[in-house]
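One chain, chain A, appears in both complexes that follow, with chain B as partner in the first and chain C in the second.
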Partner chain A sequence: MQSRVEHLSTTATSGPLQRSKIKDMSAEVVDSNPYSRLMALQRMGIVNNYERIREFSVAIVGIGGVGSVASEMLTRCGIGRLLLYDYDTVELANMNRLFFRPEQAGMTKTDAAVQTLSDINPDVVLESYTLNITTVQGFETFISSLRSKSFCPSKEGCGVDLVLSCVDNYEARMVVNQACNELNQTWMESGVSEDAVSGHIQLLIPGETACFACAPPLVVASGIDERTLKREGVCAASLPTTMGIVAGLLVQNTLKYLLKFGHVSPYLGYNALKDYFPTMEMKPNPQCSNSVCLERQKEYALAKPARDAAAKAKMEAEAPSEIECLHEDNEWNISVVDDTDLQGPDVGKSSGALPEGLVHELPSADEFQKTPGSEESANLVDDLEDLKRQLEAINAD
Partner chain B sequence: MQSRVEHLSTTATSGPLQRSKIKDMSAEVVDSNPYSRLMALQRMGIVNNYERIREFSVAIVGIGGVGSVASEMLTRCGIGRLLLYDYDTVELANMNRLFFRPEQAGMTKTDAAVQTLSDINPDVVLESYTLNITTVQGFETFISSLRSKSFCPSKEGCGVDLVLSCVDNYEARMVVNQACNELNQTWMESGVSEDAVSGHIQLLIPGETACFACAPPLVVASGIDERTLKREGVCAASLPTTMGIVAGLLVQNTLKYLLKFGHVSPYLGYNALKDYFPTMEMKPNPQCSNSVCLERQKEYALAKPARDAAAKAKMEAEAPSEIECLHEDNEWNISVVDDTDLQGPDVGKSSGALPEGLVHELPSADEFQKTPGSEESANLVDDLEDLKRQLEAINAD
Partner chain C sequence: MEGWDPTTKSTLTQIPLLSVKAGPRDGAAWTQRSKEEYKALIAYTSMNKANDNDWFRISAANPEGTRWTGKCWYIHNLLKYEFDLQFDIPVTYPATAPELELPQLDGKTQKMYRGGKICLTVHFKPLWAKNCPRFGIAHALCLGLAPWLAAEIPVLVDSGMIKHKDDASSSIES
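Presenting the complex of A and B:
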């Protein structure tokens, strides 16, 4: 895999004015320095240590309208390593979104992405996986690639720092959810509606926030009659604007999460017709049908005394004069959800108490489990063996 | 100018798999149709007539981090004609933003943009103007290019449908403001802060909304101490995320404005640290120092009876059952500002009544007129002759 990536990079870098690799990020203000405007974030007091970005690995699942732009943004920001997953090929029908070029039609999206990204910034380590994560073989490769620590052997836990889900269907999201629950891996989910005028991003921390199976997916209400959307044989609409904005919000929150600045949004919606951006937090569902999620919830509850002690020590160490909490340095940069009431009645349920403009994608948790083409999923994925059986059933269709 | 553009297009289109021009936009759902996902907006009930996009001309002033992405989005959407204005060249220091590629370093931004855009969509008519609009000669070419109706001789008023300001300095914004006031041309302004973590877009309709000289510019508060930003010799920070999001919001509102769907935001801010998006409306200042703005305000007030009659006729023609006003088809797609109280005391003033998170860029109207390097601008631009004198003084520095 790696050798093919290097071959592609060499092919792509045969142009006349190719930029060479840069060993250390410099803050020097000269026209020839591609990192000067990023290192300036440090001098402006936004980021403590921008250069740390080179230590991070981010996996992007789905290199379509959102994932491709997210990969370009992270590449231009000088991320350490990108892992790219897709099985699709570039078509002219994709040209209404950013990133891919007409002459790349027919290439796999992963190959085309590696070609473009290595050209833009040869400092980024690119790993491309041309596979479908919803197949048994694909899922195994997906999991093992996320575990691999070859890029940073000293790293704790998983081999990547964040997984970005940029897929366009429910099954693939459930597979990312299963993998991240198993690996105890924080991830961000993104989506754009079929009518192209709304989208969202969501932060998922196993055990701490709702997982993707805890509650029916939330979508931003567009104000358009749903019945006009779901007609048979109608292809989904898409716009470079909506997808570029969702990719931008996703990568902005990725940068805040990795480089520990600002506030990472637990959920952020975008309604393009009204320029409305609803936010909310979702606690895990103690009745979640995903058994690994329940394990993570238990672990998170058990670690509460240690978290409280750490938070107390941190508060005492900090000057009491610090009123603004923009640079609050808590581990996840999100506002703390009180985890004592995990057993509350409304947790993770499809209650009516949603912020204005947000609706559940499907009317109820029971209904949303019956997605077309996966009758088996009425019993939600419990473990890898279960998942494998379900995937086999789905792919046999 | 046009002939050079055509030459560049030919050079750029020598690749192996170049897509050919498409005469009519088709909604056919095949992989080879670059417009299928856009035409789907019609079938989904979002847009009445997507194909009309080919009739529109948009001018983009400043092809930097925001303007280049805006030009790519409009090109991929199949806009009729784009007019591009910039005098700068591509540098490796620009590579932390989307669009330009390292091998384009040294080219003018306009040439590089035409190369990339004509490659992406040869159906778009591109006009490139490598000039500085704040010089006398540049301003004259700018005005006459906006007036030209060669693309659509039957067009009323100006030759373009919208001007997008994507410049990075106060003087250039004031020049765009002067040109649009003179031409009675609606435009949108955009900006990104020097610390790269906030931005905004604003709709300016001569006579109807505040012009750029009516009030000190509004910026989104980042929560970062301003004193750390304005230090001498510190280069501005920038991020592909913030600039991509601002470009996306700008073009999304451009599409809503041109194709008459949704609500066009009069002002939309973006605070990246908090994912906060303040909105507001700004009425024109009856004491505006720009005399052309005052003329436009008078014209707008005089046309009130005709507007009221048209609005009444429209309301009567529409079914009373139509409660949702998403597709409200008023001329500018914005909520109507009551124009009877133009003489109100707070109009266009630096009052304390700003929405949370918005601050004036400079403490007061008096102070904001004294920008560095333009001592003359204490008397704000009144007419073209005045502007010329001031520009000459500035450029003689």
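Presenting the complex of A and C:
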């Protein structure tokens, strides 16, 4: 008993013992190497070059139940740089989720995250942005921080490799969508339903896949009557399990995308009540309400010949290995069919039938015809300052 | 619009609709949109006064018209309960609605997000999405804030979460 108490008190007083930075990731299997199990992915042939992870910058928007866990996963994986965005502070009400600790209550979520993450892995470059990206000012800082190439000046495009949206509301997702469309930046969206029993992740490549404004957001249907779930008086429920699972799916897709292994999911849903995982792909909407999305779609269409040529060259390079696969007898007449053409021309698949288990969260905007009479106001006051004074006059009454 | 009371419906039809789809980053188009916002707000406020149903004051708090502040009030059992009202025009406006905030009620009701943003998900967001870009600030107040106050204030008063200002001051004096 006494020795137990002594042991506990020494662990308590030993305090934060931070390891020093490591210059190169080693594959050496020793207890003291934090990267040995990750570098083993390379030895096992899953990943070609794991160490490349140190070159990548990932921006995480929203450091809540999903974003904080995603940031910890990427930190433990040895990601090069993380940019963290949130305007909120840690509260005791957040303790039903992972990552934050009670003694961090009152700190901003970004600062609390940097505190924990830099202890876990001092090799990761961490940037914390405490701001609301939906305001005009916050958006400008958001965009310029994504553009900044201070970490890797030779990088093409903007300064980050991927943006992860881990926010909890439609407005903020639309803002991330706007920024990524403008920067032509690939991003992944994640979400957990307000009833905490479903979630999803989605890959968005401007011009190539549907943007977040191309169609009303897709959510996983809970499979039971929606009205019984939306209990009056409660705005949102949350579970550490669902959030942890969605963070895991999101970071898994991130690792596959960055390190180029396996299949990167364009959309993956999670229904916790039925343990059902719907998947789908979404083409961009040629009538998307976001004008920057339309520009990106045009660029993507223009680059099609170059893309086709590259794909053909790749096919030819891989062709010899395919021939080896041919079998001498083919008793069942099995043949490999190229399924890329079966989907037909690039017709917008975004509208129309959805796979089972997925529903739209919001309706589309109604078609709106301008009536000729709508110009009638021309003869009325049409000066902004006059209108301001007019409203003030009414307000003063 | 099923499930809405006839008064709200008839009020709504009298608020001028907007046509310019522009947000605060759209330069001249935003100025055009701002004019439409003012016209709708002027019409709605005048209408409320004429119908003896005056219930808010709102005006731009910066020259760009991206931040708005004011007051709103609700009469319950013949007593007037007044609150500060504020919101920002988001960069993705009007694709997304402004998030209306009543900072004094922050933490007093579950139908609210952090910072006093009222919960509009069920009753208002689908309507806004369907009517983009025709709805503006005036519509958000009419269809978002007014029904929220009507549903929440009586509950908050009856449960003692908020007190009338006369009541509050007398209890401090006594």
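Everything below uses one rule, namely that the second predicted complex is superposed on the first by the 305 of 397 C-alpha atoms of A that agree within 3 Å, B and C clash if a C-alpha of one lies under 4 Å from a C-alpha of the other, contacts with A are read in each partner's own complex, and residues count from 1 in each chain.
Rule of thumb we're sticking to: contacts are C-beta pairs under 8 Å (C-beta built on N, C-alpha and C of every residue); 3 or more make two chains touch, one makes a residue touch a chain.
Everything numeric in this text was worked out from a predicted model, so none of it was measured.
Enquirer: Tell me which partner A:Asp88 touches in the superposition: chain B (first), chain C (second), both or neither.
Expert: second
Enquirer: Using the superposition on chain A described above, determine whether A:Cys288 touches chain B (first), chain C (second), both, or neither.
Expert: Neither partner.
Enquirer: May I ask you to decide whether A:Cys77 touches chain B, chain C, both, or neither, giving the answer as first, second, both or neither?
Expert: A:Cys77 sits against chain B, while chain C stays out of touch.
Enquirer: Would you check which partner chain A:Val192 touches, where first means chain B only, second means chain C only, and both and neither mean what they say?
Expert: Neither partner.
Enquirer: Between chain B and chain C, whom does A:Val219 touch in the aligned arrangement: first, second, both, or neither?
Expert: In the superposed model, A:Val219 contacts neither chain B nor chain C.
Enquirer: Taking the superposition on A as described, I'd like to know which of chain B and chain C A:Phe139 touches: first, second, both or neither.
Expert: second
Enquirer: Should A:His263 be classified as contacting the first partner (chain B), the second (chain C), both, or neither?
Expert: So A:His263 only meets chain B here.
Enquirer: In the superposed arrangement, does A:Val30 touch chain B (first), chain C (second), both or neither?
Expert: A:Val30 sits against chain B, while chain C stays out of touch.
Enquirer: First (chain B), second (chain C), both or neither: which does A:Ala59 touch?
Expert: It touches nothing on chain B or chain C.
Enquirer: Once the complexes are superposed, what residues of chain A are shared between the chain B interface and the chain C interface?
Expert: 194, 234-235
Enquirer: Give every residue of chain B touching chain A within the complex, in rising order.
Expert: Per the stated touch rule, the residues are 15-19, 29-38, 40-41, 43-46, 69, 72-73, 76-78, 91-93, 95-98, 101-106, 119-121, 194-197, 223-225, 228-229, 234-242, 244-245, 247-249, 251-253, 255-256, 261-263, 265, 268, 272-275, 277, 279, 324, 326.
Enquirer: Hey, which residues of chain C end up touching chain A in the complex?
Expert: Answer in residue numbers: 16, 19, 21, 24-25, 31, 34-35, 38-39, 41-42, 45-46, 49, 57-60, 64, 66, 70, 88-92, 95-97, 99, 110-114, 119, 121-122, 125-126, 129-134.
Enquirer: What residues on chain A touch chain C, complex-wise?
Expert: Listed in rising order, the residues of chain A that touch chain C are 88, 132, 134-136, 139, 169-171, 174-175, 177-178, 194, 213, 216, 230, 233-235, 289-290, 362-366, 368, 370, 374, 377, 380, 382, 384, 387-388, 390-392, 394-395, 397.
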